[in-house]
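The structure follows.
By letter and in written order, the chains are A, B, C and D; residue numbering begins at 1 in each of them.
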Amino acid sequence: MFRFDENKCYKMPAHFGGNDYVVASTRYHDTVNLSFSYSTDRAMLEAYIPEAFTLVRPEVSVGFSQCRGIDWMAGSYYNLVMVSAPVRFDGARDHVEASYVLVIWENKTTPILSGREETGIPKVFSDIEDLHVFEGQYFTSLSFEGNTFLALHFSEAVPFGEQELEAMKTVPMDMIGWRYIPKVGGPGAELSQPIFFPQYCEVKRAWRGKGALRWTELSWLQSPMQAHIIKALADLPILEMNEALMIEGEAVMSAPMARVLE
Amino acid sequence: MFRFDENKCYKMPAHFGGNDYVVASTRYHDTVNLSFSYSTDRAMLEAYIPEAFTLVRPEVSVGFSQCRGIDWMAGSYYNLVMVSAPVRFDGARDHVEASYVLVIWENKTTPILSGREETGIPKVFSDIEDLHVFEGQYFTSLSFEGNTFLALHFSEAVPFGEQELEAMKTVPMDMIGWRYIPKVGGPGAELSQPIFFPQYCEVKRAWRGKGALRWTELSWLQSPMQAHIIKALADLPILEMNEALMIEGEAVMSAPMARVLE
Amino acid sequence: MFRFDENKCYKMPAHFGGNDYVVASTRYHDTVNLSFSYSTDRAMLEAYIPEAFTLVRPEVSVGFSQCRGIDWMAGSYYNLVMVSAPVRFDGARDHVEASYVLVIWENKTTPILSGREETGIPKVFSDIEDLHVFEGQYFTSLSFEGNTFLALHFSEAVPFGEQELEAMKTVPMDMIGWRYIPKVGGPGAELSQPIFFPQYCEVKRAWRGKGALRWTELSWLQSPMQAHIIKALADLPILEMNEALMIEGEAVMSAPMARVLE
Amino acid sequence: MFRFDENKCYKMPAHFGGNDYVVASTRYHDTVNLSFSYSTDRAMLEAYIPEAFTLVRPEVSVGFSQCRGIDWMAGSYYNLVMVSAPVRFDGARDHVEASYVLVIWENKTTPILSGREETGIPKVFSDIEDLHVFEGQYFTSLSFEGNTFLALHFSEAVPFGEQELEAMKTVPMDMIGWRYIPKVGGPGAELSQPIFFPQYCEVKRAWRGKGALRWTELSWLQSPMQAHIIKALADLPILEMNEALMIEGEAVMSAPMARVLE
């Protein structure tokens, strides 16, 4: 019969065997990233930030990443769009600032499962087009079962100079997720905890430019699990759009170095 | 700021709000199911059954379901293939027999997330063709990122008679999953528990027939997260193939009535 | 070396061999169809009808079909949405009324190729959701590379009575397409001809109901090959929506019996 | 009513309007190409080469291209695998050497339609994974409706030196397709002609390496339209595998400059 080994790491299905715990990073060798951000209404945004945190700025970030050459997926690839807000955690032990992840859409299931179960990153599925690139315009769109809900557009790219690039060689991308596993057969949580997940990006090339994004709300019929998420985000006013960025580089992340915030 | 309500049920991302706990069933209004099973080597199969259970018969079941008209998904659809073995649990409180789920492949992320996080059903993703139907042959295949690993074929269908059908009106399909949520920053489990998930099928039409299935092992490069699962299952000898079944009907399941086995 | 045989039928690539010409029908064993139609502005619609025809009624039909168990595809399946108008052809030889196909969207390439090259049916690709069915609502949507451009919704279904059903047992669905193959290295046609393609549907069950459809225009950036088609159709006013129909049945079509209209 | 203009270029559906004929090239701004070739049995290969040509060498080329930033598709993308043989055409007017295209698989319909109808390139659909890149291994696989039929693998890459690269700056990739449009209502061709389609690649980076490819035959049930193509190609013996190449660059092609060979 199968017996769990407390010195192993398992993923469901666990009974086919686990792996040793190794403190190692995994590398995404080829990523293209579009970075949008805008100031919004503080109170409206705070409504979605757990009270364990303080909101550093009333700012929403929307980041698209086209990820290729992913080591832990044996060189496979996926796209993601992350929506986050800058928060600070001051606990008994930990004092950190990071991006609190409101939601991440990804177009593959495999990284969604790891993200949710291992580090509490609230990933959900959508179709996400690879970047279309035409005459200086970079654009993509997200849809759920045939219904578009987000379009992203980047243009007027101006490349970073040598020196600027040197200065931003390594960009921290630390995230905080809230892992929530429900009780079985009743309301409430079996597990509910904030998790700090350190990551960074090694920048190869970067551009400043103009960003535009357009939310389209979906009805419950169109997306029963996500309509409320999309509505919440679409309702946040875009008070002022910041400069957008496009970055090519490698991403390095280490789930084994994540920790529950205390 | 967002505050969790212990009387609510949440899914990640939790901070956009939860729902009341309601003991309700959800219905899959239109399902077509192919059911294959075969006897195998007891010791080899037991290697994948947690020692909390006893194996009732050294038998592997492989069931394909094409599910449409799913209430909780607002009428959407997906396909799945479940591999399971019949087990018995005799605990301090619970005494049940059910199908222990070795793995379920599904071709949509949404039900994979609910299944794993809410009831410990070890679902993973693959592409699964809708049923091809040609001159009395019903067949489908499963692939991961372009690599076929399982082909299913049903033929020589003989319809059930009126009386037989009457006798099997409602077929129990109770499942047991093992929910495993890993610790953050170290080996071992934060949560590790067997969960009983009651379900049944209301049969509308049924056929006996001949079943055939063919596993193709994948390399680690082709499927780093699933190659060991496919290999384990492909290695189980098919000692004797039982009669196969095709069933059209409605499936009824109730995650709120699931319970941790004790 | 490969030599063409003028008594054979070829598809590109032709050099792997052709087939005998056989006057045979092919059957789609399992289709679900939603049928919408509405009156529109005559002049606007006529702008898209070649002058070889007369427009019978200023009416646009939009039909969704979910096709399964397709014989010539070895039991495979696809979805389509056809937009057409009723026309009459009075030529030197032929005098027929049929649906002039303005466009058909299909979600598989294989039938698109046959339709275009063999019978001039102007099929193009889009993603088309299988029918979602929830509490008496039947709906689907079409999108191109992540951008939704058409949503269809059917509700308030009232089943046909026994007698009505008997009366509509076999429904003709004859189509006319315009086959156009361009010259190489210059403007104009190498081949430009109207083709009559006879088909019919054997109805098993049918419902009357309420139909709704919503076009969303796409920009050239979103769909450079189809934006003008979608715009043309979206601009046709919906003067009066007719009763919608839902039909389950089998479709029978015979490309070998198609003929160039003269 | 709609009237064709002989000075315009149309695509089906034609009645929504045509375009002016412009002798222009279109650019694929970002392509990654894997190039495999091997010697094979001359007679077996010649069986698939129309007698209008002579086979220059008994050699099969298999080329994978991952194409991004495609101008005529407004910056969209697709993957293709081309199988070809080097041929010579000596006609009354034309004397050319080029790659005779045995088949091209592409994972999008739009370029399949243009290729077939405008230049006779025999493109058909399959799923084609983007390149997986892991520890110096580059690989992909092709499948049709869930059934893998070709796997490609490139490794041991050695980059071209500065000078070598300079020498191969622009690589001609001229193709010949055979455009075949069948008669309606009978066997034989309405149109049957060889077409020369000039193209070239601007090389940015290149590597020599080791190539491997594995064909898997499909049954008629698995792929009724392509099983015979795959079988024909899989049956060609791989007598000697040549050095494989990986090339990053831009592709330039000009359908308007294509011409029927005479």
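Of note:
Note that a contact is a pair of C-beta atoms (placed from the backbone, for glycine too) under 8 Å apart; a residue touches a chain by one contact, two chains touch by 3 or more.
A quick note: this is a predicted structure, and the numbers were derived from the prediction, not measured.
The minimum number of touch steps separating subunit A from subunit C is 1. Common neighbours of subunit A and subunit D under the contact definition above: B, C. Rounded to a multiple of 5, the Cα-based rotation taking subunit B onto subunit C is 180 degrees.
Chain centres were defined as the mean of their Cα atoms; on that basis the chain farthest from subunit C turns out to be A.
Annotation: the subunit C:subunit D pair of sequence copies touches via predominantly the same residues, more than half of the used numbers being shared. Subunit B and subunit C have CA centres that are 38 Å apart. One simple way to say how far apart two chains are is to compare their mean CA positions; for subunit A and subunit B this gives 30 Å. Taking each chain's centre as the average of its CA atoms, subunit B and subunit D sit 42 Å apart.
Across the assembly, subunit D contributes 74-76, 132, 134, 137, 139, 145, 221-222 as residues in contact with two or more other chains.
By the touch criterion given at the top, residues 29-30, 68-69, 71, 74-77, 130-135, 137, 139 of subunit C touch subunit B in their complex. Those residues of subunit A lying in contact with subunit B across their complex are 1-4, 6-18, 20-21, 46-51, 53, 72-76, 101-103, 108-110, 112-113, 116-120, 122-125, 145, 177-182, 184-192, 195, 220-225, 228-229, 232, 256-260.
For subunit D in complex with subunit B, the residues that touch the partner chain are 127-129, 132, 134, 137, 139-143, 145-148, 151, 221-222.
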